[in-house]
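In what follows, chain A forms one complex with chain B and a second complex with chain C.
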Partner chain A sequence: MRILRRSMLFIPGNSPNMIQNAGILGADSIILDVEDAVSIDEKDSARNLIMHALEEVDFYGCEVVVRVNAPSTAFGEKDLREITPKRPDAFMIPMATEEEIRLADAIISEIEKEEGIEVGSIKLVPIAETAYAVESIADIIRTSKRIEAVLLGAEDLTADMEISRTKEGGEIYYARNKIANICKAFKIQAIDTPFADVSDSKGLIEDTLKGKSLGMTGKAAINPRQVDTIHHVYTPSQEEIQYAKSVIDAMKEANKAGKGVFSFEGKMIDAPIILRAETVIRKAILAGMLNEEAMK
Partner chain B sequence: MKNILGREIPDSVTLPNRQIRLFSGVQVRHEDVVKKSVKTRVADPTEGKVIHDIKKAIEKSGLKDGMTISFHHHLRNGDYVMNLIMAEIAEMGIKDLSIAASSIFPIQAPLVKHMESGTVTGVYAAYMSGPVAKAISEGKLKNPAVMHTHGGRSRAIECGDLKIDVAFIGAPTCDPMGNINGTEGKSACGSLGYANSDALYADRVIAVTDNLVVYPACPIEITQEYVDYVLVVDSIGDPKGIVSGTTQITKDPVGLKIAKNTIRVIEASGLLKEGMSFQTGAGGTSLAVASYLKDIMKEKRITGSFMSGGITGYLVDMLDEGLFKCIMDVQCFDLSAIDSLKRNKNHQIMSASMYGNPHNKGALVNVLDIVILGATEIDLNFNVNVTTDSNGYIMGGSGGHSDTAAGAKLSIVVSQLFKGRLPAVVDEVTTVSTPGETVDVLVTERGIAINPLRQDLIEKMKKHNVPVMTIKELQDVAEKMIGKPEKIQRSDKIVSVVEYRDGTIIDVVYQVKDQ
Partner chain C sequence: MKINKVARAGTMESSDIFIMVQPGDNQGLDIRLSSVVIDQYGNHIRNVIMETLKSMNIEDIELTANDRGALDYTIRSRVETAVKRAL
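So, the complex of A and B:
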């Protein structure tokens, strides 16, 4: 986990106003979208706009991801060829398969070499949005070392499955489980599908908590107003941070005393609890809630 | 002559009834001021006050060429009163009048033709928008319009700087003796706070009502001893225009970001505590600030003392939820505010003088903790323009801006750093409405700047890890993105004199140049 991706916010690639403000909206990561948000007759202009934005607009340190069209399409190939020289942090690849990822990796590598960009520096985030992608996600991840996270795309997935998409999300329980588990196995991030009803803040909290409970590490957002709620769920609370710090302190004391297993506040503390505490601390540092120096 | 802000005030500027004094800083001199004496026609107890004919009412008032007549703006963009009265006056052939309106809205467009015909040659207002503002900007008014603040208008009326010969007071409910309230009737508008000084200090006062009720018109806001005549007309206003204004919290992510940044400043200032007082406008971003404030007050169990100014339903909800003890209301923006005024004794009406007059025995703004304000432009010295737009046209005015900025412990200007390709931060504002000395903070979506005069605030922000930039740095951020607009061209004719709240001249507005 090099950077936090608690929230990944979609920004339409054909909206100059939204693009110029994208960096101030508080999201960890922004996704400039040239795929679903942009109609066919605007693909060229959106691509142009994104290229200029990557050169000119200050995103104030946000990770900038570009969702391209599928690399096997003419649009997608052009997206990758023309945008790679502008050095986005990552590309998001829709309808991911091993072949789409292989193709994307090859095109990006070729351009990186041509442009003198360090090969492999631009990352990939495949979207698992077909039954095939969910089932083959491990193979897809193995296809490219660039992959740092997988986004679950529930709308297309449920369409592919010919099942209804509901607010409760019972129908994507399996997919969330599977994506979260496999991402964890590969030590990459699992990004949950966005919550579609932007006016339902209670529903957003519940849906975000569901994803988190299954091992998702972040969530996509389709409206800036969703970002704070998502961060609230995926950022350790002050209590969690305090507890984690106490566990780490107790561990350091125990280590000095040469104890492997020790008790803290009446509970036996073993390796899994320490691992959990370390993860909380790491996330808190990345979220700017803890000073790294202070933890040394 | 230049005033202390370096604004050139040509020697040719004159004002009726008084000497020109240049703005020399916001410090109020604590000295005796003398209020004007008021000519009062002793009422004949055998003669009723009620008149059904507009012409007769005007005749009875003794209105003559060259006089000044006043109107309030509580009926906002639904006001019929000014148009009805002015149409009759024009018909009667009376000329060379000055209109002293607390504000002027687009509905008052017919005033333009009265300006062109010479019926109206002078205008006083604290705010103006629409065709009248445009016509004045284009030089169609004979004498420069005088723009003042809400508190400054009361001051001017009370001391005689602005002498009102006849006040026409739109009265949503009135009884035959002239007792007025604004909360009842088909044209209810709530508080009549801006009409108070007019009633007390005009030589003649005519209540204009479309809801004549049996005596007495309880609850009474303006009392009968100040009212000469009661003019009954079919309608004084269009309810749809009376309760206007944005009363929805913004959904714009940039506006929300500004509101979030504002809350960080408020929290770090140390003023967010038990007993705090707060004022905000009716704009979407201002209401978003109120919304975030509400969440924090609930979480921290803080109860504030009062909210003030123009009141919206959103503030009423906060009162009803017990987050503040009281609302001090100079103007209602929506039906919910009017309803609250009727039912809640902790929702209190105040006059414009009590609100912001710098020369009385103490205005409310002096005990206000936090105010959220807007700006069309702000310069590197934090001087704010809310009077003219980027083309030099008048499109607003101080209203309570300068009054609250001067009084509040923390005055925060909220603005997008740029709108379209217009930057908010400029080298020099087109018009100074509010002096930078009274503006503590500029909050934008891209950063927060604190007035260097407030080193205490800068320290507090540092202590609470609130990132602060200089206003120059904010200007640079904007200019890097959108460049620097060219300075607008203007003609040499002065179309408006901008008064600070104490009556000194803070700036002038020049006629826009023909395109």
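So, the complex of A and C:
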């Protein structure tokens, strides 16, 4: 895990007002969107605005991802060719398939070489938003070493499946489960689909908890108001951090004493519990809640 | 480069600038600017537009700009888009 992506906030790519304020909205990642948020007549305008924004706007250290149009389309190829020299942190690829990812990777590599950018430094986040993508997500991930996370896109997925999208989300249980599990297998992040009703804060909490309980590591947001709630769910609590620190301290003591297995607070501590504690500590450090030096 | 037709870019939303360009009448860079911050930043906005046009090798153009408080990157971008659409 290089960076935390608890929240990935969509920003319309043709709106200067939203773009220039995106870095102060608190999200871990912002997604400048030149796909669904932009009409066909304005693709050129949004692409150009994003290019200039990447050069001149201060995003205050926020990860900047650009959602391009599908790379196999004329718009998508142009998006990748023109925006890559401006060095976004990552591109989000809609309607992901192996072929779309292969194409995106090849175009980005070509431009990176031309521009003297380290090849492979610009990352990819495919969107699994078709039945095919959910079923083939392992093969899609294998297509490019640039992939650091997968976003589940439930609106398009349920349209593809010809099923209703509900607030309860029972219809996407399988997709969430599969994406989370495969992402974990590849040690990349699984980003949950956005919650569409921005006025329903209780529903957002429940939906975010559901994703987390299945192994999702973050959630996309479509409104800045959703960011705090998502962070609250995906950030370790003080109690979790304290317990994890205690486990790690006890482990260090046990190691000094030459003990492989040890007990802590009356409970036998083994590898899975240590792994869980280390994960909590790593997330807390990335979230700025713990000092890395102090943990050494 | 030569402006061949009328083209527009940008919007009238806050922080944006609406640009309309059309072929010039051999008058050079003819810029007509209105802005909500004309007293404070009028000269600066005009300069950003001029520099952008020069960087695109435009020598003859009639450009109308209606600024709603756009930052420099937005001004540059909207001028570039309008010009590219007019070529």
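Please note the rule applied: the second predicted complex is superposed on the first by the 296 of 296 C-alpha atoms of A that agree within 3 Å, B and C clash if a C-alpha of one lies under 4 Å from a C-alpha of the other, contacts with A are read in each partner's own complex, and residues count from 1 in each chain.
By our rule, contacts are C-beta pairs under 8 Å (C-beta built on N, C-alpha and C of every residue); 3 or more make two chains touch, one makes a residue touch a chain.
What you see is a predicted model; the values in this text were computed from it and never measured.
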May I ask you to decide whether A:D44 touches chain B, chain C, both, or neither, giving the answer as first, second, both or neither?
second
Please work out whether A:Q20 is in contact with chain B alone, chain C alone, both, or neither, and reply first, second, both or neither.
both
Determine, under the contact definition given at the top, whether A:P126 touches first (chain B), second (chain C), both, or neither.
neither
Chain A residues touched - chain C or chain B, whichever exceeds:
C
So, does A:A53 touch the first partner chain B, the second partner chain C, both, or neither?
second
State whether A:G76 touches chain B only (first), chain C only (second), both chains, or neither.
neither
In the overlaid three-chain picture, which partner chain does A:R225 touch, first (chain B) or second (chain C), both, or neither?
first
Across the two complexes, what residues of chain A are contacted by chain B and by chain C?
20, 57
Considering the complex alone, what residue numbers of chain A touch chain B?
20-21, 24-26, 57-58, 223-225
Contacts from chain B onto chain A in the complex sit at residues 251, 253-254, 256-257, 260, 445-446, 477, 480-481
Going by the contact rule at the top, pick out the chain C residues touching chain A in the complex.
9-10, 13-16, 70-74, 76-78, 80-81, 84-85
In their complex, what parts of chain A are in touch with chain C?
15-17, 20, 44-45, 48-49, 51-53, 55-57
